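Shared between the two complexes below is chain A, which pairs with chain B and chain C, respectively.
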Partner chain A sequence: MKEEVINIKNYSFRYKDQKEGQALKNINLQIDKGQFVVIMGPSGAGKSTLANCLNGLIPNFIKGKYEGEIIVMGKNPAQEKVGTMAKNIGLVFQDFESQLFSTNTKLEIVFGPENFNVPKEEMEEIIERIVRVVKLEGLENRQPFTLSGGQKQRLAIGSVLANQPKIVCMDEPTTDLDPVGKLGIFQIAKELHQDKDFTLLIIEHETEEALEADRIVVMDNGQIVLDGKPEEILPQVDFFDNLGIMPLQVPKFFSCLGLATDDLPLTPEAGLAKWKDLNLKIDDAKYQALLEKDEQLEKRYGDVVLSVSGLEHVYPNGNRALKGIDLEIREGEFIAILGHNGSGKTTLVKHFNGLLLPTGGQVKVYGKDTREHSIYEIGKDISYVFQNPDHQIFSDTVFEEVAFSPKMRGFTKEEIEKRVKEALKAVDMEGYEEQDPFSLTKGERQRIAVASVLSAQPRIIILDEPTTGLDFKEQRQMMELVKRLNENGHTIIMITHTMWVVAEYAHKVAVIKDGEFTMYGRTREVFQQEDKLAESYLKTPHIVNLGNLLGRTVLSIDELLFCTQKG
Partner chain B sequence: MEMFLYLDEDTYMHRLDPRTKIFIMIASFAIALMFFTIPPLLIIGALIVIYGSSGKTLSNLNRIKFVLVMIGFFSVVIWSLMGQGETKILGPITLEGFLYGIAMGIKIDIMIIAGMIFLSSTKMEEISAGLVKLKIPYRAAFAFSTALRLVPMIVATSSIIIQAQKSRGLDLESGSLIARAKKYIPLLIPVFISVIRGTNVFAMALESKGFGYSEERSSYLEIGYKRNDYIMLALVLLLLIVSIIVKFTTNI
Partner chain C sequence: MNETVFAYCPKQSFLHDIDPIKKIVWLIMVGLMSMIFQTGLLQFPLFVLLALTGVLFAGLPVKNIFTSLKPIWLLAFIVLVIQSLVIKGETLLFSVGPIQIYAEGLMSATGVALRMVNVAVGSVVFLFTTHPRDLAIASTEKFKLPVRGAQGLFLALRFLPLLQDEYQDLVAAHKVRGAGGGKSLKDRFTRLQRFTVPYLFSGLRRAQITALAMDSKAFGAYPTKTYFHIVSYPKKGWLFLLAWALIGVIFAYLIVNGYIPDVTQVRFA
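This part shows the complex of A and B:
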């Protein structure tokens, strides 16, 4: 029997400080008990706004003007206290750091039940049940800040589940997580979905993860633009492309070959079957051409600009983060460094510009030993773009922000102006000079952060997860920018978890695990070894899977199209 | 990076009722404030250190030693220059001022160490539970313990931001005092923004977990006075009385 747990009728919402338009426009949505719904959409589509409306954070906590009605489990969240709704619907946020506040795991879990005056005897049972559900057994007495990112987010989910809500809505729960952490969250989601009384809503932007859902709701511009089963929605690759969400790669590939939408396979396995059906073949001469292109690329590299030998790092607390790393990077290379959180990859790259100094071994940048030169000195040749642009932006105008680095280095006014202009041109943000950086979107702020290191004219650029938190369109823009910089001669070192970005853009890949390199080589060679990557919890993109099933490692849809020969 | 002062040990001190520990801390402040000469302050300091080590909390001294040393140093410098006295040692510096500076340094350090011992042995939830038992409204008690939680969060964010700005060429080590102070602006603004964003999510998470659902609220932590509490309270009360008597009958 179907039973509606969420019913949204003609709902619109406008934030109090929103100048024009509405964040939500005339939303109609009914969700049945037991459904697993994935909500997708580009940045600014209104996904989080919708989530916050469900438990009454909007309009009770975040003010604004709303029309229409929402009923969640028979209650209207706009007219209830947010606290009351917590028993019916739990909300998990993207930022797990700020969601946790207790001294240990147990106290974090019981915070909700305490608010509802649950007697102490029952709390013991709740703790036992929750740590089992979110797989935190044995960590009951740990302080949350000592947990890994994935564990923290699982604890955040557990602390919401402790109130035993019948609906849980997770707002981009995996965006800030590494591949292991992501996997953990999706496993929990799957297990929660076993309970037929339990309704699960996940806001997500990775299409590959949406395959598991019962239903997909696509939003754009405050409206629901598509709603249906994954097998109906996901083949609509052109629609996704236009919207700025990444379409599944396998159906996209076959769509480019001219197949009709209702004939498109979704997974690599289904793709292989279809490939055989259509009697397609790989054109080996063309595949050889791809391999030759890889070699050509390498021949263009210049001298070694960064050399790392026997690098070890032991933190003051005794943690041995790096255990003897050797690496040479040549002028013009584009290398991606992969590995899960705590594997040592951030520790490694922080040695490259002297933020950390080796406790053993040596790092040389353009022949300069990082131990003998200051960060200021090393920083002339190598720049570091941090993951979160908000950790470095502080000026009132974009111009001031980008001019900061050359100003610190004492250049003349004309030179500064010239450099700012060039940097903004490189990131495609000309004309934004007088804007307030804080009023820009996250994607734009990320580009300003890149411009603000470009203005120092470094020859090597380190990027720490440049695409995290951006939607597909913004990710593409960002990566095209990085590619252009690389083609103009900058050496690029990038940390990332986004595997399609690595496949399409990086020349070389180094995989780090427990402070040591486990894999290193050309992207194509590394991505050929899916099993070995899986040991580091890394998953190749679907198009690479399909290629490997066909016995050739291709890195993008375009490459596979290039090699495909119709039989 | 270690974020909180709290040390998860299992000692008699960790098992004391938070109210007892609050009282001990306040009594330490009171006694330290009563005296202005070095000998009694040294005795109080020694007692506090013994108390701290009995609860295995002194490993945190390492983390705040910089603050302690700086306070001691500045206290001596300022009081030596400003203090009034008769016995001149060097230029405007007098022996009385110098000794007074040392005493003030010890006094402030004692208070900081007493606070550190309290935070090292008491969970935030226990602090708020204790305050609630002292008839302070839960919301106020929670706000207080949350404010304590913000400090390490700000420290952690600041350290990332310092690294980010250093990578852009911010040179904090050179220049005059004013020039260097100006250089902190690129650090302050991102820290404020990050903290405000963080606390906003924090508040939403609180609401979403039913915070403020009703006035009646149960507690997982059960606190109450036990035998050790009465012994400690009696000891501290005795010390307080002895200090008052010494203060008003002698001249030290």
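This part shows the complex of A and C:
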């Protein structure tokens, strides 16, 4: 007997300050007890709005006009205090920094129980149980500040579970996490799903992760546009393409070969079986052509522009973050640096422009030792786009923002205007000069951050996770921009966790773990070694998996299509 | 990792065990004694007693009394010099040219200068031994301060290190774009001006999410709440207060009966 825990009927919502349209339009959704539902959709589809309606944050805390009705565990959240809903449904937010507010792990966990007047002895038991569930044993007395991103997000989940809600809804819980952190969250989700009375809703934009769900709900423009089992929903690759969500790569590949939607395999393993069924073969001459193209690319590189030798860095607190790194980057290269948070990636790239100085070994940029030249001087050749655009943008207008660097360097008014124009053109943001950067979308702000660095005309650009927090369409736009910059002669050094981005765009890959390179080479060579990547918690994209199963390392759907020979 | 919040230092000591409320009372007593007794002849013993309390009962390193109070000592020194110069009295100690130093002037000046130092030393001892979290909880329990107010203090503690980190990121992001990390007052001011926008922007966004997360966990949904972290109010706190009250009484006795001359009449040059 199925039991409905969430029932949404003809629900619409419009934010108080929303100028036009509705954030949610006529939503109808019933969710049964014990289901694991993944909600997907591009930025602005209304996913978070829906989540906030479930526990009454909307309309009790975030105001607006609503129609229709939501019933969660027999209660109407709009008519309950948000607090009283906490026993029925818990909400985990994307931003793991802001949702933790206590001074240590234990206090964070008991924050909810404290509000429910739970006696102290019982709280001891709750802490013991929760740290086990979210795997934070031994970290009970740590300040949230000192935890890693993944640990913080697990603590956020734990603090929600402490109230023992029957439903938990996580709003993009893994978006800002590194691969290890992501894995930890999905493991917990899996374990929670074992409990047949527990209902789990996850808002997610990566299709690969949605494979595990019982049900997928796709939203666009405030409406539910698709709802069904993963095996029904995920093969609809054209639909996902049009929506701006990355479709699964394996069905996408076979759909390009002309297979019908109901015939598409979803996983690399199923893809291999289908490949054999269809009697497909790899055209070796064409695969050789791909390898040659890699070599051609390398031949075009110029002189060494950045050389790192025996680089070591010991922080004042004694933490040995880098343990002897050697690296040479040549003009025109596009290298991706991979590794989990705390592996030393950021410490490494901060040495490239003198933000950090080596405690051992040396770094030379265009022959200049970073220890002997100022950041100002080295910054002429190499620039750095920080991870979060909101931590670097500060001007009232886009023009001022992009003009900052050339102004600081004392160029004439005409030169500054020229440079701003060029930089905005490069990032496809012409005509935005007078806009307030903070009124733009995150994807646009990220592009402004790139423009504000481009206006200094650096020859090397470092990008720290340029695609984090962007949806697929925005990620694609961002990476096409970076690719263009590279083709125009800029050397690109990119830190990222997004593996399909690395596969399709980077020429070379360096994997760093505990302050040392564990892998380094051409992207194709590195991605061939799936097992070794897995040691650093890195997973190759499905299309690479399929290629490797076939004995050839291809980096994109296009590459595999190029090499495929129909039997 | 160390738990570093403000000047608090997690340690085992007599004063660390005592609850924040009694320590506040003690701090008020120290303040009163610094204000009431004007002569250096009492302020100096008071200083010695405070320093001993800090070192022996709070485990405060001796150097902290001097290093972490550098500006206060400097200010006290300036006050000492000026007061000694301008206050006249009966007993001329010595004179150099037009400069005359009187015993009464010196005594009063030492009193004023040490008074500042003593209040500061008392505060350092208090901050060194009191976790702000305990202070917040004790305030809600004993002073009936609203729970929301106390929670505000927790939030400050939680987010301060994060804000520091973000500030450093901001500075770095500007340095790489050619802005100098100048240390002059003017440079600092321009930087501050420039950073207000992104700081406010991310701060407001964060505040919103924090508020949502707190409300989602039933914050303030019920009139009462329990506390997991319990502040204990040990009896030895009373003993400590009693001892200091006794010191105050002795000081007052010495003054009232004229064993120690007070500086009441101050004559300016």
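One rule holds for everything that comes next: the second predicted complex is superposed on the first by the 567 of 567 C-alpha atoms of A that agree within 3 Å, B and C clash if a C-alpha of one lies under 4 Å from a C-alpha of the other, contacts with A are read in each partner's own complex, and residues count from 1 in each chain.
Going forward, a residue touches a chain if its C-beta (ideal position, glycine included) is under 8 Å from a C-beta of that chain, and two chains touch if they have at least 3 such contacts.
Not measured: the values here are computed from a predicted model.
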Simultaneous placement of chain C and chain B on chain A, clash or fit: clash
First, second, both or neither for A:308, with chain B first and chain C second: neither
Which superposed partner A:143 touches (first chain B, second chain C, both, neither): both
Touching partner for A:394 - first (chain B), second (chain C), both, neither: both
Which of chain B and chain C A:386 touches, first, second, both or neither: both
Which superposed partner A:453 touches (first chain B, second chain C, both, neither): both
First, second, both or neither for A:160, with chain B first and chain C second: both
Residues of chain A at both interfaces, chain B in one complex, chain C in the other: 52, 55, 57, 61, 81-84, 86-87, 90-91, 93, 95, 97-99, 101-103, 106-107, 110-120, 123, 143, 145, 156, 159-160, 163, 350, 353, 355, 375-376, 379, 383-384, 386, 388, 390-394, 404-405, 408-409, 438, 452-453, 456
Partner chain A, residues of chain C touching it in the complex: 1, 3, 5, 133, 151, 154-155, 157-159, 161-162, 166, 169-170, 172-181, 194-195, 197-198, 201-202, 205-207, 209-222, 224-230
Chain A - residues contacting chain C, complex: 52, 55, 57, 61-62, 81-87, 90-91, 93, 95, 97-103, 106-107, 110-120, 123, 127, 142-146, 156, 159-160, 163, 350, 353, 355, 375-376, 379, 383-384, 386, 388, 390-396, 404-405, 408-409, 438, 452-453, 456
Chain A contact footprint on chain B (complex, rising order): 2-4, 6, 8, 123-125, 146, 149, 157, 160-161, 163-171, 185-190, 193-194, 197-199, 201-214, 216-222
Parts of chain A lying in touch with chain B, wherever the complex brings them together: 52, 55, 57, 61, 81-84, 86-87, 90-91, 93, 95, 97-99, 101-104, 106-107, 110-120, 123, 141, 143, 145, 156, 159-160, 163, 317, 350, 353, 355, 375-376, 379, 383-384, 386, 388, 390-394, 404-405, 408-409, 438, 452-453, 456
